[in-house]
Amino acid sequence: MIKAIIIGASGYTGAELLRLLGQHPNAAVVAATSETYAGQAASTLYPHLTRSADQKFVTPEQAVETGADIVFTALPHGRSMTVVGDLIADKRRVIDLSGDFRLAAGEVYTEWYKMPHTLPGLLDSAVYGLPELNKRIIPEAGLVSNPGCYPTSAILALLPALEKNLVTPEGIVVDSLSGVSGAGRAADENTHFCVRSESVAAYKAGGGHQHIPEMEQYLSIAADARVTISFTPHLGPFSRGIYTTVYANLAGPKSIDQMLEVYGERYADEPFVKVLPAGVMPELKAVRGSNFCHIGLAVDARAGRLVVVSAIDNLIKGASGQAVQNMNIMFGLPETMGLEQGAIWP
Amino acid sequence: MIKAIIIGASGYTGAELLRLLGQHPNAAVVAATSETYAGQAASTLYPHLTRSADQKFVTPEQAVETGADIVFTALPHGRSMTVVGDLIADKRRVIDLSGDFRLAAGEVYTEWYKMPHTLPGLLDSAVYGLPELNKRIIPEAGLVSNPGCYPTSAILALLPALEKNLVTPEGIVVDSLSGVSGAGRAADENTHFCVRSESVAAYKAGGGHQHIPEMEQYLSIAADARVTISFTPHLGPFSRGIYTTVYANLAGPKSIDQMLEVYGERYADEPFVKVLPAGVMPELKAVRGSNFCHIGLAVDARAGRLVVVSAIDNLIKGASGQAVQNMNIMFGLPETMGLEQGAIWP
Amino acid sequence: MIKAIIIGASGYTGAELLRLLGQHPNAAVVAATSETYAGQAASTLYPHLTRSADQKFVTPEQAVETGADIVFTALPHGRSMTVVGDLIADKRRVIDLSGDFRLAAGEVYTEWYKMPHTLPGLLDSAVYGLPELNKRIIPEAGLVSNPGCYPTSAILALLPALEKNLVTPEGIVVDSLSGVSGAGRAADENTHFCVRSESVAAYKAGGGHQHIPEMEQYLSIAADARVTISFTPHLGPFSRGIYTTVYANLAGPKSIDQMLEVYGERYADEPFVKVLPAGVMPELKAVRGSNFCHIGLAVDARAGRLVVVSAIDNLIKGASGQAVQNMNIMFGLPETMGLEQGAIWP
Amino acid sequence: MIKAIIIGASGYTGAELLRLLGQHPNAAVVAATSETYAGQAASTLYPHLTRSADQKFVTPEQAVETGADIVFTALPHGRSMTVVGDLIADKRRVIDLSGDFRLAAGEVYTEWYKMPHTLPGLLDSAVYGLPELNKRIIPEAGLVSNPGCYPTSAILALLPALEKNLVTPEGIVVDSLSGVSGAGRAADENTHFCVRSESVAAYKAGGGHQHIPEMEQYLSIAADARVTISFTPHLGPFSRGIYTTVYANLAGPKSIDQMLEVYGERYADEPFVKVLPAGVMPELKAVRGSNFCHIGLAVDARAGRLVVVSAIDNLIKGASGQAVQNMNIMFGLPETMGLEQGAIWP
């Protein structure tokens, strides 16, 4: 039984870790921290948690003294750095869900996150926890940096095409629609039901979102060439999920069947990536509540473009489910353990 | 491993049985019928089903020839009767999810379902599959009649108070709000997104819903007196769940703490019923995707009434999850096996 | 042209007054106050307001010095009292949208609103602004107390039956479902999109809501007998609207046609109340964005009950639209002026 | 008073014409046809229509014999052609809301709509009814072809930039999210509440949507160069509205302020187009129920792209409201008459 600590368990990703680990056959949460709710039962804050996951939040200090095999840090970016350094120094294995260890260079972090990186020395050893990319090196990792939700959807959509140079590295457009849970648990005007219901809004348009360098870094590696993207995130009137539509210029003519074959081969051994047949596009609801990524493809011969559409649950494959998947890989368990649950539909 | 057949697997309750049994550690679906979709993969119709549940629909004829330990019939009322008779004659154990075997008398069925009952002889031996009521007799049952969604929510809300005569049998009001999935998979004007979104509508108001005699039958047994209720179902702008508010006249003054104690004791050993503390009312979303029923209580001393609020997922505790719970009990498995999944929240 | 001031214009009812008066052919807003947003354009806060309604918020002090024919006070209860006294002393005509002047006695206010009433002397002269009840005395009123949203839906549902003694004053149940805008513009956990979407929750169950004495006061007048009700409000996953289902014991047998005739006659001259034919229940969306109240009736002969269902837009007929209707009546304009807009559907 | 006939009044755009013309001070509907509902009151089908719009559907034959100043044809594409020819031959003025007369060449129609065009001779004289483009020639038009919903949102987003050659004609991406009402009133699996709620789905991806040639035709005119676009439509979980995000390559460096100035000047005299200030993106809900188009701009200097976001109500500015706007222009009325209504918010 893997003993796990969750640092920052009162946010949405923390709650999802509590739920998923509470159902995991080989893992148990031994401590879950919340400065605000320390001493209260998790199920008071989150009535959906069943009895098995019903434990009390503790302070970070109490957690530090608890023995554990793995520590999940689910803090906002900037705050995560302040915790992960000590944990690593303490020889803990860590899966960090923030954006603090995803970029290769501290200066890039500073540019996009608008704050200095205080632990640039850890960036080299951190392993980017996208199993479909790094499954071979995750087992040995001391610090796994769990991917962002938007990057997970965009990178999985583009990997096969870029690795095979079927599309050019220039001119890629990534257009994403996220559920409101992506904005976090904090209640403000922008997450108010009356504002978000029956509405849609773009934000950080024009290249301002901090997930852009993360996408470009891994897409560039896949393409073996510098990739610059246009990315626009939107908030849609639903709680969960990310629906991403990617446009890329074809390097040369390709049929949809050829494309599907490339994608099918690339993901043949990936249990959580499902490439849909020609003519079928992902339905976001079909991945909600699951760790799956559904991918649909179309070739626009007229415009010379490949269109790839991907759908994930932002809190699962886009955050906590992927973190558990990484934990499974780190500890030599079947990758899918505790994550077999299909989507709740309808 | 329990081998299960699903008759009528292309509707919402059938799909939910496919999903739940696909995740059950001790059960496997050996045949799932659909006249319309026979020969097609279930995951084509339902893309949320993961690989493990990915099987082809067969015809009813093919299913009849398949050996199995249990048959789930998930057909519309009226059609179920035509199938269950043969299955029972064939010595199959059956869990029927329709309304065909829930009422004690064929005449009452005819009155409310507006059609003759063709198998009244089976009504006596059918066991009403509400585990919280009949857990002791379900293990031996040949035919379990799975409760309706509205009755599950209303009976669980009222059982403790009626059994202890804390409320009078007269004057009970049951007001329920159902998700649109309760209206089934059929697309019509009433289930169109544009009609149902941001809307609410009562239907069969004034005592016309066929679940009324089912509620009254079991509430009367609990009260040991004839119970007549007013029941109004409504459709709300959400996919899943039933939220029921019950009003009953207090037989005598009782404090909220006394009521909570009675309810707490009554459901102490029921793994799927959670009585909330004083002042807390159920949040429907906290049971969505789970087999739980959450119950909140309030005493209105001014009006002399007990108010009980219950929340379930109509497709799980209100249908397929409860059916799996019944299967577990019939086969001597832990009641919660395959059903531990907590609600998806948010 | 009627010159109007809105005190407290940055909340939802204030915004709705801005929108409705901005479209009114015979009225103009000369000042709209907001302590928080003073100096900012209303359309910055509310981008839906068109150019015609595009004005700057001012401070209360600035508003007080502005000449006007009518003042709308759209402040929270408790705060309204502190403003209305001075306005009345200043010989202003006022339509107050809070709960501060709806109850006949200061003690009852104190009991339900949990605070002392500082202006009990004004309660006698305040006219309850439900046009369907008080159309004759509203024209002369100096202070119109605009009804609460829940009471509007419940009183309109019950008036005809109680006035004709077709139902008994005892045993009435009022069950209401409100859109989230009823909880106001303040962002908190309870109004977060991720909590409210696909969910339902009862609140203040067991007779705790401050609208109960308001309903009972006017229902008792209609019945000419003391009416005590059970009332449970719920929040549903939609922005606007109140859907109320009322249960009342029949005083004697009545057919649905007899009931419809009574209701039809009672509301024959009311332009905003529409009694639906037998068998048709209100669809909430059909009143959204309009000042209409739709009423559906059913007779439950078995249970001896009348079931009445009413639907309104909580921000229009339940608040700001009704206030404009009252203004029209006060100033001798056609009651429907500026309010003819039908519901937005779908 | 303009007398109007609506051919095909039982669909969503027809209903919206009934609502808008019912509130128009200078127009009256003298006949509204529906083959299915002929003889029934419009308000039976559409309970949101208020008394003023309460009229009976008639057959097309009855409509043809009715005298009128303008005929709105709101039929599916392909069927519209069969009606408009006779109307024009009969010297009627027509506003056609289908796609039948929007393209310049019959062959292009045949290619995209997959059916022959039977009235190619009318294509030349049909005036494309986008007032922001053709306001000067609409007054004299005999046949106005009302723009499609997606093209309205995309063309308004790109016009100023293309007319001034600020972006290149190559490489434009148009990504749109539509409310479910865009799929029409027909109930099928794809419009079922349980499928669409909390979901998103792309359709006709890869350049298959019939609105593409319409967009390219008018964008090419604006650019004075051949424009080829990539367009992906999506269905989102809301009833009304289109939210379009456009990506175009900058022809040369431009600041956001320079862009805003160009857009501001271009639309200075357009009453229904509102260009938002720097840093503000449209909120879809802020145009719902109104004839407005809100436009937000961002310059992505890194990627060398202009990002334009536009929001409209698909049934109003994207269909029936724009048709009424065209009617106003054709008859010399103020362009905004009957269309001043602001969005319903929240």
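Labels for the chains are A, B, C and D, by order of writing; each one numbers its residues from 1.
Methods note: contacts are C-beta pairs under 8 Å (C-beta built on N, C-alpha and C of every residue); 3 or more make two chains touch, one makes a residue touch a chain.
Note that the structure is predicted; figures quoted are calculated from it, not measured.
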item	value
Between the pairs A-C and B-C, the one where more C-beta pairs touch	B-C
Counterpart interface for B-D, drawn from A-B, A-D or A-C and sharing over half of its contact pairs	A-C
Subunit B and subunit C, separation of their C-alpha mean positions in angstrom	38
Whole-Å gap separating subunit A and subunit C, where each centre is the average of the chain's CA atoms	46
Multi-partner residues of subunit D (each touching 2 or more other chains)	12, 179, 181, 192, 194-195, 197-198, 237-240, 283, 285-286, 288, 346
Subunit A - residues contacting subunit B, complex	12, 15, 19, 22-23, 46-53, 181, 197-198, 239-240, 271, 276, 282-283, 285-290, 292, 294, 340-346
Of all residues in subunit D, those that touch subunit B in their complex	12, 179-181, 185, 187-189, 191-198, 237-239
Complex contact set, residues of subunit C against subunit B	171, 173, 175, 177, 179, 192, 194-195, 197-203, 205-208, 228-230, 232, 234, 236-241, 243, 245, 247, 256, 281-286, 288, 296, 298-303, 305, 307, 309, 311, 346
